[in-house]
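In the two assemblies presented below, chain A is common to both, partnered first by chain B and then by chain C.
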Partner chain A sequence: MRIVVFSGMTHTGGLAVATLREADPEGKLIIVEPTVEKSAAAKKQFPWAEVLKKNVDEFIEYLKETAQLIDVFVACSDSDAVNYRFCKTALDVGVPMVIPVLNNPLNRELFQRSGVSIIVNPYASIKPKLLEALKADGEISLYESLNSQIVLHAYKPTSRVKLESPEGEVCFLAVKADGSTVSKVREVDKNEVLYVLGVKDAVRRCLESVRAARGKRVSG
Partner chain B sequence: MPEKMDVSVVFPVKNRASYVRKAVSVAYKAEGVKEVIIVDGGSTDGTIREALKAKAKTIIQSKLVYPGKGVAMRDGAYYASGDIVVFLDVDIKNMAPSFVEKLAEPIMRKEAEFVKGCFEREAGRVTELVAKPLLKIFYPELANFRQPLSGEIAGLRKTFYEVEFEEGWGVDVGLLIDMHRLGRPVTEIDIGFKDHEMKPLPHLTDMAHQVADAILKRAVEDGRIDRRAAEARLRAIVERV
Partner chain C sequence: MPLEGVWKVLELPVGSEFLVRVVTAVVVLAVFLAAGHYMPSWLLSRLKHVETGFIQKIGTTISIFLYVIGIVAALSVLSLSYAVIEIIFVLVVIGLLIAFRDTLANAVGEVYIRLRTPFSEGEWVKIGDLEGRVASINTFDVELATPHGERILVPNSLFLRGVFVKKPGMAGSIVEAYFSLRGVTIEEARKALKETLKTIRPELSGEPKLRNVERENDYVRVTVMLPLLNVLKAKQLVNRAVIQLRRKGYEAEAL
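Moving on to the complex of A and B:
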């Protein structure tokens, strides 16, 4: 059974707790919250979780004492400063998986420098979603896996282009102007969207070749 | 003899690249200082770069949009690991280690858990025209503080976990009232002459509003304002206008 310790009942935190439950319904979830009001609310909202009221120092001691029992620690308070201290402590005492949820995306580098390898940035989807909806042409990065090996890009051409890609390295899916989807894509036209999924370098090479072919109009 | 306690110095900053290196290096020279923390409010002038060169710990405050001094101070208190947290304005031209030492000393001597610094300088306009009159009415026991809005503050780190930080300019006076409400021993100490640029008048409007809001909110919570009587009085004023 997985033991997840979760700190900080914010709006994002509430969503994260529900997600953790969905990811591991049988796992034990321990919510730590420093304020009386929010810990009481967490007890009501998440009756299946154990809720502890602890201040910063008490929680750091708790992490040190129980590190061997914890499988995952998620820091989701409304202060990146306290999340950073908790994550640093969790890493130092050997918690196998440490996940901060950023309040300010500008603090990503600070967490990376501390040795945290998985960082949740709740704002990360805003840019690609808006670009996918609004950008008329060109390339849009929609998704990067946590280790950045696998990426999904969208490409909106300004004219018809032929696709050339080595077999197996990338997957193509196109959405036609009428909304239908096509998986075996050889060319893509204006008002269509090409989705390219694959290993990061292969997708980059593929889209470079598409951009290079942009001037060469396909006959017919 | 004062007890040996570690001190964390916190500077809430925004676009203060020209001050930050000197401030950090001076703070490190003060007795008992184990760390200097820069909490940045989204500077675009290289403040963080300068802070890192001076070997400060740096973090960007938690609010990307509408960052405020109070958010930065709260993040600083949470980031700090010393027994005592000292907050200072970074743009003090005559910054000296004694500022830190004087602020921390009453806590090390167990005479206080929260210390406000006062200084020899022309009194601030928001202090004289907003903070002091309101404190005199609603918290007369705090009316003798010379600089209730001073950003020079020291406190036991643990006491900062017990209060809610106002997000903006109301944070300094809010902390003073909250520490007093919690029954923490509070004192004011003269830190000497402070050479510091005064804000231009237009910049003080928001500050005055936020300071008044912080005091009045607490006065209502503490029952020091009779809400119905105040509303009746306001109605009478509006009718007259």
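Moving on to the complex of A and C:
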């Protein structure tokens, strides 16, 4: 694939370039930097990539001229406004896959409204990680797949909860207090964590039934 | 009556009071219909920075408002009985329904798209020969951004009538390309194509495959599967492959 990245030599840009290389090692990766210094640094850091020096306006023209060859465009400059301008142009000229990396998570909706369907939010892991580490009980949303179909939730009960057999679209995995894992779970107790992986709606229904079962006395 | 007075001042033949009223009503209606037809575009022509769909909405609203005012004014000039006005109203409504059937179908199409949400902005759709990313969903049309950079307005009613395909993007298309090499054996052709395809591999989204290699008289015809994300570059890649083959001394052509 021909992947074009406007990196801006940001931390997210560097990480994105390395990941894109991993995703398609045989592909053509073009890194665009706005200044001579940054393009020189990118050439040293990523010797296997083609590095171009183009300012914002030059890059907009470049996108328009080469849109028919570009498969993926990734915008990870340190300005959401600049990224937005690039993404809008890339969408308008028909680049099949346009991916912005957010600097401010609040701008997600702005990109979504403009028609960008894949948005990378580097801050998305803060909330689930902190909640998983610190929240004593309740439900924690850990992961949602790209198409929002598959989700992974954690559930920390306050007391012993008996679980109904999961639907075919849901998998249970429990981590016991001693660190051991159990796959065929029938009940979870306090200090244990239940992980629920499955189709979004099925997981939601499943967790509703778990919440409803909470407080019911379990024999034994 | 003032209308008759005007008639007499102009020295025009006066058949009856009703005739005067009918003529006046027709003139009033014609003026408002003309205003409703031409005025919105004239008024809104300066708003070039506003979204096209929104301009259309405003224009249609002004037109309908002027048409209604014209009809009411014409009826008031006629001073008809209530029953006659009702009959005329029904006929006008039927007329409007027939005249604006496409517009209404498009508006209903928007309701379908908004409520059923078969696709949303940013998604890739194909309806008939048209294909593109949904740029905006408007009252009467859906704006598609095509892979060629064009903007196409597809009437909403088409999505009610026709079958459309929703795609995750242009992703995942496999393009078949045909090459013909002259004066070589099947094995030579296979080897040459494999080597050439290596040079265009960085532009592909996966490994290219030789699907079929067969001999036809003095030619060897090779069918190649090219996995592409951006299908628009297929032709360019095929041409590049042909140039590579010719540089190696093969008499190659893309079919």
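Assume the second predicted complex is superposed on the first by the 210 of 220 C-alpha atoms of A that agree within 3 Å, B and C clash if a C-alpha of one lies under 4 Å from a C-alpha of the other, contacts with A are read in each partner's own complex, and residues count from 1 in each chain.
Throughout what follows, a residue touches a chain if its C-beta (ideal position, glycine included) is under 8 Å from a C-beta of that chain, and two chains touch if they have at least 3 such contacts.
Treat the numbers as computed from the prediction; the structure is a model and nothing was measured.
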Chain A as common anchor, with chain B and chain C clashing or fitting: fit
First, second, both or neither for A:D57, with chain B first and chain C second: first
Touching partner for A:L106 - first (chain B), second (chain C), both, neither: first
Which of chain B and chain C A:G138 touches, first, second, both or neither: neither
Chain B versus chain C as contact partner of A:D78, first or second or both or neither: first
Of chain B and chain C, the chain that contacts the larger number of chain A residues: C
Touched partner set for A:G94, first chain B, second chain C, both or neither: second
From chain A, separation angle of chain B and chain C (C-alpha centres, steps of 10 degrees): 80
Distance in angstrom between the closest Cα atoms of chain C and chain B, superposition on A: 7
Footprint overlap on chain A, comparing chain B with chain C: none
Contacting residues of chain A [partner chain B, same complex]: 34, 55-57, 78-82, 84-85, 103-107, 110, 123
Residues of chain B defined as touching chain A within the complex: 39, 42, 58-64, 74-76, 78-79, 81, 158, 161
Residues of chain A touching chain C in the complex: 1-2, 24, 26-28, 64, 67-72, 91-97, 112-117, 147
Chain A-facing residues of chain C, complex: 121-123, 132-135, 145-149, 168-171, 201-205, 228-230, 232-233, 236
